[in-house]
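We just call them A, B, C and D in the order they show up, numbering each chain from 1.
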Amino acid sequence: MSTTVERRVRTVRESLASTLGEAMAADESMVLLGETVRAGGAQGVARGLYERFGPSRVIETPVSENGIFGAALGLALSGFRPVVEIYSADFLLAVANEIVNDIAKWRIQHGQPGAQLPVLIRGCMGATAGLGPEHSQSMEPFFFHSPGLQICVPSTLENAPALLDAALESRQPTLFLEHRKVYELQGSGTPEPRPAAEPGTAEVVRVGTDLTMVAWGWMRTEAEAACATLAEHGVTVELVDPRWIRPFDYATVVNSVAKTGRLLVLEEAFITGGIGAEILARVTEAFPGRALVATRVAMPDVIHPYHAEMERQILPTAADAVHAALRLVRNQDES
Amino acid sequence: MSTTVERRVRTVRESLASTLGEAMAADESMVLLGETVRAGGAQGVARGLYERFGPSRVIETPVSENGIFGAALGLALSGFRPVVEIYSADFLLAVANEIVNDIAKWRIQHGQPGAQLPVLIRGCMGATAGLGPEHSQSMEPFFFHSPGLQICVPSTLENAPALLDAALESRQPTLFLEHRKVYELQGSGTPEPRPAAEPGTAEVVRVGTDLTMVAWGWMRTEAEAACATLAEHGVTVELVDPRWIRPFDYATVVNSVAKTGRLLVLEEAFITGGIGAEILARVTEAFPGRALVATRVAMPDVIHPYHAEMERQILPTAADAVHAALRLVRNQDES
Amino acid sequence: MGAPSGDDLLRLYELMVESRAFDDACMDLLAAGEEVPHFHSGAGQEALSIGSVAMLRPTDEIVYTHRGYAHLLAKGVPLATIAADMFYRRGGTNGARGGVMHVSRPDLGVPGREGVFGTRFGLAAGLALAHSLRGDDGVAVCFYGEAAGARGPLYEALNMAVLWNLPVVFVAENNGWSVNSRTEWLFPGGRMSTVWSGFGIPVTEVDGNDLTAVSSATARAVSRARAGGGPSVIEGLTYRLHPHIWWDDASYVPARELQAWWEKDPIPRQRRVLEEEGMAADRLDDVERRARNRVAETIEAVRGAPFVEWDLEVGVEGVR
Amino acid sequence: MGAPSGDDLLRLYELMVESRAFDDACMDLLAAGEEVPHFHSGAGQEALSIGSVAMLRPTDEIVYTHRGYAHLLAKGVPLATIAADMFYRRGGTNGARGGVMHVSRPDLGVPGREGVFGTRFGLAAGLALAHSLRGDDGVAVCFYGEAAGARGPLYEALNMAVLWNLPVVFVAENNGWSVNSRTEWLFPGGRMSTVWSGFGIPVTEVDGNDLTAVSSATARAVSRARAGGGPSVIEGLTYRLHPHIWWDDASYVPARELQAWWEKDPIPRQRRVLEEEGMAADRLDDVERRARNRVAETIEAVRGAPFVEWDLEVGVEGVR
């Protein structure tokens, strides 16, 4: 965990902690619940909040995921704004029913389509090095198919606080999925104006003409490295970070592909049934009869092995993205 | 429920019941567990099995989905072949953790990649008319992203028994998802040679040259109606029923599109993050630089309303498929 | 509020009759081949539902069940609202999106209902936690049958409720069946709540067909919760007099057992109680007649009213 | 098998020393800056793990925990196997795919372990159900800590176990903490099992640092289950002497409390018991020395052995 004395250098972890603290300070109806949150939570994002807000705002819970998520729904229906921490996002599968069937649908099912239901679910996800198949998964694909649910994946020190703000502000059921490696990203701590990060707005990270690359979460960092290498090969990439997986800003991707004619999605999740599939499908549907080259670089459909070295060989990287991008650009006409 | 005296006309429901009974008769290690299975289960697929095999083979359980699915894993690890009935497949979300994180990964995680883990999970799914958002969903997309899991969706009286046989025979963790409307499909009860239905093998239902259509479950019936109408319009369709959603027979679809250049996926699930996305993505990836027309007809990303009439307006139908197919065929060059 | 008496008792009796009249009307419609979407008869269980809910204030919440007409009526939801939701007519709470399975009136302490059983328990704990955090004296009451009662979230929620001393009461509706499964097949000894005595909280078994017993037990549990005494559990022993739902022929129900429970029908039973307390028979007749007429008129009016109109863009859409 | 005595006791003591020696060796490696993947120290809990598992037959199963070295050793899994899995060396059970978190030896009654807590309970019930269906006299024993112990599937599995009279024993490891949360924050009164007395099954609280008390309680519960007497629950009171895992500084642990528990360390305590029973000090010294040497040699050998080789196609793939 990275509590540095030098306040100028901050990590995403710290920025999320302070954003959450600000939001809780600004609205008394916001409460945080979860396992070990009293001591800062599984990843330190709640650090200091118990001391600051006390036990009625920072609620240490038993390891009762179903009870906790049910309670969050009850709190939200009672006018509170619960923020629920899941110890590791892989465990969201234990509350998939609460999330998909209850929290996401509640308003619609009860005839309040425009109503707010401010349940923010947040926690860490993603592969680091050898945490194994139950503490490494990219969870957005498992919840992508759920009407009524927002999904947000921050990727940088710049966008993490803005996205957390926007997710909280939306007052809609939202999964906020914090990649373990993104926590460690650093930057200048000088307060910057927070960029707009409304639900459903992508960020065009880099403008380019040869290829559209889409990447989010930790993959954005890999993608930026890939873009730098590709630039050396004379390939200019338009890099889009959707930030919001649901609602997804397909328009920005489609507009970019309209220009580049080539699409590469770089995704950490298992390839089959990942978000990349939907992105490719939308783009294909958007250009009927137009010759496209599009592909995905993602994790194969295998479990995360515990051995970090084994895992490293199957996680998608900048090098894989470069390789795939060059193939798309060079061999476009082979077929 | 349809127990007819006239044995020549059978429904899919009856054919599944008799196939399950045959399998249980052939192997004493096969046990059925679930809610109301003693009286035939939620949909009558277990009808008569309690009387035939008794309480140690047909195990009536409390409404304890987590306990039941955990027990099924324990039984399988002890050399039994549990068949677990879920009352409605929507409720599988309550045991998503058991399925995705435990049952599907168990062998790999414990170093037995080739081992058998014969857990067959079966139950009804799909929209009929006004069962609402918690008893109508198409569940394959929620579990499609799970390595180690097979997913099978029967669609006709001919393939249902063969697929159930193949699923049981595979001795791998399998979701066997029975569409409520498919249960009612009838046909001749004359025992037919069961067609091969190995995991990962699609069926080419109809050969055609203008368009490849992919549909499974109840949508296969809609698709067949659509094909008939399209034939009247002079459009010949190659209809593929994948039957297995995981492993999916992409090759058969890709080969067909190689011929037709056009793809329509007809899917009952919510469009975003559905199986159709992956099919479009695979096809797009398979033909880099080739002009394709491909699209999906699916349910919009909204919950199933209780009112049957409202629901009817959002469920995908043969007419929607015809409409989309004609657009694909006629307006291919508009872009 | 203690256990009711006098006019209060009469009011509860009227609610019971009203609920049963609605139930009977739905059964009649079904018998006539009409559609009564998602109707699950609550006949026979009115004493348990009404006796408990009537002990609550509007600021208390209930989490009701799929046979929840009596619960809803007792919480103040007008029958016309319930019927409008059921028949997808204008004037309901959810515009045909949730039907009678998802009636909600947050202003009356009815936040809604979940369809995949289990979430209700944490939900009720959350409602109770909200009271506790706000420092008001509201109470949440969570009803559940044999099905939900075997699900793990009940344990999780009870553990939290005991740990945090939450103002929540769990009411187990032991009505003999979960669809076609007997309670004894699902719970050791056929009892749903005895296990929870292990938490050291009050666990009370009551004759669920005895309105007075139910209201006393609930009043006790609710005032305890209101006063900061924490959670408790009540198990009402009752019986589902009709099949699970329309397609169920209930051929598995032993005729003699069913007959015995019809003889314990809480409505005539409660009428006898009132008569014994000196209530005039014609006053009771009058209450019954008025209730039945009101129900008949309401149903007719609702079924004659226009269907909900929907805009698919707004009406059924998710957030996106 | 009754509670052990004489040479049996010495064998258990040796297992305790062996487990602790492994634990110490891992702590030393960590202190030296080496990687010890997924090591969760079990120091302080050896009496509970070993005292219970040693009461089982090879045909009985255990579902162990993330601090499961002592459980595994007592069930007969060689230390070399455990270490090989931990350090991803050849000779383990899962070829680096599950590491030390997923050791399995089905032939020894170790089917494996789940990482997202909860499934273990139904799983254990399923193992017990298999015994019951086969009509053999095997027993499944399920260990769990404060984390898993607050999850709903425990209730579901216990309800099934009581209902079906399954041969299963649930052993709650109350070690004061779940990561940095105190047991008292998670369970009313800081006890994990008292609630289950409501099922009317034996629920026994034992001093988890007292080998004899643990083995007697387990022997009783296991023979009861074996004889068809059904499930029971044992709660062992013990303490996690080291931090949760390597990155945890355990700054939240009160020094005095920790000190008090070190004084109750089950290993010196058991040595005193053995001495009091007349076991010669030099025989005990000898047992300790041999166990520690064996562990040191095993770890050295394992760490010197080649890494698992993997074929990505076969090694980590799912079914497809």
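Note that a contact is a pair of C-beta atoms (placed from the backbone, for glycine too) under 8 Å apart; a residue touches a chain by one contact, two chains touch by 3 or more.
Values in this document were obtained by computation on a predicted structure and should not be read as measured data.
Taking the definition of touch as given, a chain qualifies here only if it contacts chain B and chain C alike; those chains are A, D. Separation between the centroids of chain B and chain D, computed from CA atoms only, is 41 Å.
Centres computed as Cα averages put chain A at a distance of 30 Å from chain B.
Averaging C-alpha coordinates per chain places the centre of chain A 37 Å away from that of chain D. Within chain B, contacts with two or more other chains are made by residues 62, 64-67, 90-91, 93-94, 97, 101, 105, 108-109, 132-134, 147-148, 246, 301-303.
Those residues of chain D in touch with two or more other chains are numbered 97-98, 102, 114-116, 118, 150-153, 156, 159, 163, 185-187, 315-318, 320.
Viewed as a contact network, the protein chains are fully connected, with every chain touching every other. On the side of chain A, the complex with chain C involves touching residues 31, 56, 59, 61-62, 64-80, 82, 97-98, 101-102, 104-106, 108-113, 147-150, 172-173, 200, 246-247. Against chain A, in their complex, chain D makes its touches with residues 37-38, 88, 96-99, 101-102, 114-118, 146-152, 178-181, 185-187, 247, 252, 307-308, 310, 312, 315-318, 320.
Touching chain D in their complex are the following residues of chain A: 1, 35-36, 38-39, 60, 62-67, 90-91, 93-94, 130, 132-135, 300-303, 305-310, 313-314.
Those residues of chain A that touch chain B in the complex are listed here as 90-91, 93-94, 96-97, 100-101, 105, 108-109, 132-134, 141-142, 144-145, 147-148, 246, 248, 269-270, 272-278, 280-281, 283-285, 287-296, 301-303, 328, 331-335.
Contacts from chain C toward chain A in the complex involve residues 92-95, 97-98, 102, 104, 106, 111-112, 114-116, 118-131, 133, 140, 152-153, 156-157, 159-160, 163, 314-320.
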